[in-house]
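Structures are listed in the sections that come next.
Look for chain A in each of the two complexes below; its partner is chain B in the first and chain C in the second.
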Partner chain A sequence: MAAIRFDQVSKLYPGPVRAVDGVSIDIRDGEFLVLVGPSGCGKSTLIRMLAGLESVSAGVISIDDRSVNDLPPEQRNTAMVFQNYALYPHMTVRGNLAFPLKMRKTPPAEARAKIDEVAELLELSPILDRKPAQLSGGQRQRVAMGRAIVRDPAVFLMDEPLSNLDAKLRTQIRADIASLQHRLGTTTIYVTHDQVEAMTLGHRICVMKQGAVQQIGPPGEVYERPANAFVAGFLGNPGMNLIPAGAVSAAPDRLELDLAGQSLAFESSAIPSGDRIGSNCLLGVRPEALTPVKPNSQEPQLRCTIEAVELIGHEQLAHLSLASSEMPSTPLAGSYTDKIIARIPSTVRLERGSAMWFGLSPDAIYIFENDGEKRSIDHRATESPPVES
Partner chain B sequence: MKKWSTAAIGMALPALIGLGLFVVLPFLLAIGLSFTNARLGSPLGIQFVGLREYVYVLSDATFWRALGNNCLFAALIVPGQTALALGLALLLNQPLRGMVVFRTLFFMPVIFPIALVSVVWILIFAPGPEGMLNGFLGWLSGGAWQPRDFLNDPTWALPAVVLTSIWQGAGFQMVVLLAGLQSIDPALHEAAAMDGAGRFRRFLHVTLPGLRNPLIFVTIVTTILSFRIFDQVRIMTNGGPKGATTTVVYEIVQAAFDRAQLSRGAAMAVLFFVLVLGLTLIQRRVFKQHGAVNR
Partner chain C sequence: MSVTQRNLWRQAIRLLVLGLCTTAMVAPLVFMIIGSLKPDAAVLTEAGTLAAIFPNEVSLQNYTDAARRVPFGRFLFNSALINLAIVVLGLAVNALAGYALARLDLPGKKIALALVMAVLVIPFEAIAIPLFYQLSAIGLRDSYLVQIVPFIANPLSIYLFYSFFLNLPRELEEAARLDGAGTWRTFITIIVPNAKPVFAAVTIVSFLFSWGAYLWPLLMTTRAAVRPLPLAIASFYTLPPRQWGDILAFGVMMVAPLLVIFIVFQRWFVTGVANSGMKG
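Now for the complex of A and B:
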């Protein structure tokens, strides 16, 4: 059991590369925090620093208000599940489970009982005498978990523990990990690049990019109220559509946008006065918030051309472009384009090349500043924020 | 079993011919000669004498002395050289700058011909206070060291040859062990550290088991090489003083070429071959039984 604090923690590599850049996070005792971000965002470096496998360039990491910056890994009482599991190849499963106990000089009888208990918990009893090379990927994963659990560490660290498993097994073990953590109540930090794992596992998720924290909060809140365009685009599968738009006018309670020649007007009490928005911005809308409608000039609607359709079972992903056949799409600045993805029930017939209209509710849109750095209109500001679990 | 294609045989043929011509044929000839009274350059005809040469060799004290020395060489060189090679490999595996330079330096003796190495060490072991080692030991002990003639001292000659051999051979084993060290997943060391193992126990529980196969290879090869020892002995001590450094291979060469007793040399060679082969088979059997590593 432990509370963890990262206080302005940085990791510099010669170059100079800032792998982790002034990260501050407070993790409560017993909390399950998921660090999520694209590869190279510093999430693994962060937990490796907590484990003592990497030195801390600046800042303080503390476990239960005690700085661990200068403690070697063997004195930190953290346990890690590695991406490749790092099982000792010359030891049996029992030997692997026994190793951390042996290193801590646990009395043999107690160690045996503990191993049996963990083996029972993780269904490892039938394979205790096998060696790692004789195990399947899922079994190795469970042994790695067992080795971490067996000595009751203060903190569990998991570095992409599911990335070497096939999709079906991943879903199953994901659920197992969640229930295990709930049962043991051990503070857990879980690193992943998979936003589905992040959304489903953690009490809170921490989205990182280029060594810096973008947003921390319960999964629902981060999904519903992304702090910036990066978080919005990263979470969700597919992520939020981010369409460059020109703000034609932004009077109080009214916003008029220009999207590649189409004009959209919204009325909402959450829309602030015009001086908060630059002349250009990003319109964010989730794929599931785009609902096909009949053409109607009364409500804000987007006219799109269907470029491709992907059928995925009960629903389909329509790849759309704002360009009409008369007006070809033009490349836009930055990494944002006018390509849009909509999630539509499979019952709707979609035809490649044809035009389609989508309704946009003012509640379902997000406006980000042109550089994507900040959300400039918080139309949910009036709602009460979701309660943290 | 798959049928051998003509192309496969064609490609293997040059190597097979070489093996047959330079390894199998001479060895068969040696077996044949060992049952005769053949002498080098003798005008007399060759006669079949049965096991006479074997009986002679096995009752010859010099042969047993040489074999004893061989065992002594192996007993000193195998652990000494392996330990030194492992130490060097561990040092070179540190993530520090300039390791390539040290790796090259430590490997260099392997490239030097043993004849050159022997001459260099003769200079190092030179007698009298001007000798390098004598001078160094004198300086180290503040003058208390009595200079001695290492290579002509029955007590010191064999250790001196052993030292030369280790110095020359360790680089090769170092490279093999270094490659082994670098193939150990670094995450295993990290996992062991987090499991509570300090530096020494990580070495014991991660490094050593990870080096099992390279260590077996190194041990077997060093054993064979230390039994084959000849060049150093020939150049540095000529088997002396008083047979203190003679080896079986040295005795074989002495018999066959210096004393022209071709058949006696052949008999010794056959006996020696059987001995080393047996030893190697035993080693392999022992190492194989202790834990099958599946990776």
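Now for the complex of A and C:
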């Protein structure tokens, strides 16, 4: 087990392309950290640098306070589960499990005992004499896990290990990985672009974008208190709705927004002052926070048109557009859209093309500054007063 | 014309073209094998008749005559030794070169690869004379060494290995590195066992090229003690009387090891060539 530190770590490729840009993360001994972000955000590069498969352009990577920048991969005592498992095709499952032990000159009797122990732990005993080509996707995944844990590495690195599995198997193995990590207590860094994996697996998640860390924290905290519009939009399925809005007026306790001609007034002690928001901002609201209501001018409501409805079992996703197509101009107007998604119980009858009103509680909204980079309102930090009309 | 009829015509034309090509390829071999079993006088006289394929009488007399006229065993030994050395050493050298070009982070790698590709298109005949002077100057004439060393490094073999290794998943090597294997160990224990097809392909290709080598041994050797089979067969033309049955029998004996090699490695050969991006 080991504590890991990334200190101002950068990776530059010729071009120059800055794949990782001054990343600093402290990972505690035994912690399960999930790196999450869209493709090309630098998360895989980061763990490949830790494993020694990529050189470090700047900064220091330490394992247990010892810099590993110049150590070859075989001396770092890390084990990696690759996206395509990278099982040795010419070896049996037993051969695959034995290889790392053989490389470390483990005595044969000890190696045999270790292989049997891992095989039992991962239910690989019946397939020990098969070759990878004779295994199913789930079995291959378990063999890859076994090869990683058989030599008790200081750090587990997992690079999207579930992405080649079907949805059902993914859910099952996701739970297995979480329980295995809990049992072994080995420091683990898990890379994924799947935010469900990120939310369910890690002690903490680290959201990355364009080589830089956007936010690190426990999954619940990152979900509830996103640091910026990117994190808000990335986490959640579907992600948070981010609607460009004009701030008509913003006083310490009152915020009045103009959303495509619809005026919404919120009153809360957490409302920032007008000069912090500027004239335009992004209104963030989670799909599950949009609740259908009857038209009522006494509370903040959005009038939307139902564009499409997707039934997903006990719920349905309503794709909405604001009643007016006029959107305020913001630098992020191209990045965000007036298309809004609401998650609604399937018992509610929705009709395509019809208008619908959605209530917006000040507790459920997020205000991001004009550039989308900072969260202006922190309603979770203070207790919001009841909505006043 | 209906679609079915058109498909039938296409199929028929395809079969006809394939049949003609196969006949063109196989006919000389069949003619050689059957001719080697016929009395010497009948080989040419029956060439244009049905008896060229269905002989009236067969015997192994030509084989015993051919073996008596030239020391077949000695020439076979020479050819086998030279080819074995070229193939085995070539596999080691060219595989490592291909791997280095495909995988290692080396300065000047692109230039080295361009040079390999450039050498690929230079015919051996173009460099045979300068090479003759160079190797004669260092006293290597009339030896096995002079027939082996210049052919160990082969640009075609390097290219075949390079293409194959380029397509091998990099994660295999990375997994091995993380498991504790260094570069050599990774190459020997992980890369080589997974590169059987390309090793088979290179074995066949280099065996084919070197087994039939004629010009270079003719230039560099004068003693039968070190000369390979192709020079022995040439001696039948210069030693009177010219016996076509003997020549064909010797040809069959010379080609037989090639056929054995090809049949043994054929399964991997096709995969190897296909995986090397040189389909067909």
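Note that in this section the second predicted complex is superposed on the first by the 373 of 389 C-alpha atoms of A that agree within 3 Å, B and C clash if a C-alpha of one lies under 4 Å from a C-alpha of the other, contacts with A are read in each partner's own complex, and residues count from 1 in each chain.
The working rule: a residue touches a chain if its C-beta (ideal position, glycine included) is under 8 Å from a C-beta of that chain, and two chains touch if they have at least 3 such contacts.
Since the structure is predicted, the reported quantities are computational estimates derived from the model, not experimental observations.
Considered on the superposed chain A, chain B and chain C are sterically incompatible, since they clash.
Judged by the touch definition given at the top, the superposed model places A:N296 against neither chain B nor chain C.
When the shared chain is aligned, no partner comes close enough to touch A:S346: not chain B, not chain C.
Of the two partner chains, chain B is the only one that A:K131 touches; chain C does not reach it.
Of the two partner chains, neither chain B nor chain C is touched by A:Q172.
In the superposed model, A:S361 lies in contact with neither chain B nor chain C.
In the superposition on chain A, contact is made by A:R104 with both chain B and chain C. In the superposition on chain A, A:F82 makes contact with both chain B and chain C.
Chain A residues 51-53, 72-74, 78-80, 82, 84, 86, 88-90, 99-100, 103-104, 147, 151 lie at the interface with chain B in one structure and with chain C in the other.
Residues 51-53, 72-74, 78-80, 82-84, 86-90, 99-100, 103-104, 147, 151 of chain A are the ones touching chain C in the complex. Every residue of chain A that touches chain B in the complex is listed here, in rising order: 51-53, 72-74, 76, 78-80, 82, 84, 86, 88-90, 99-100, 103-104, 131, 133-134, 147, 151. Residues 185, 187-188, 190-198, 201, 205-206, 209-210, 212, 291, 293-295 of chain B are the ones touching chain A in the complex. In the complex of the two chains, the chain C residues touching chain A come out as 169, 171-172, 174-182, 185, 189-190, 193-194.
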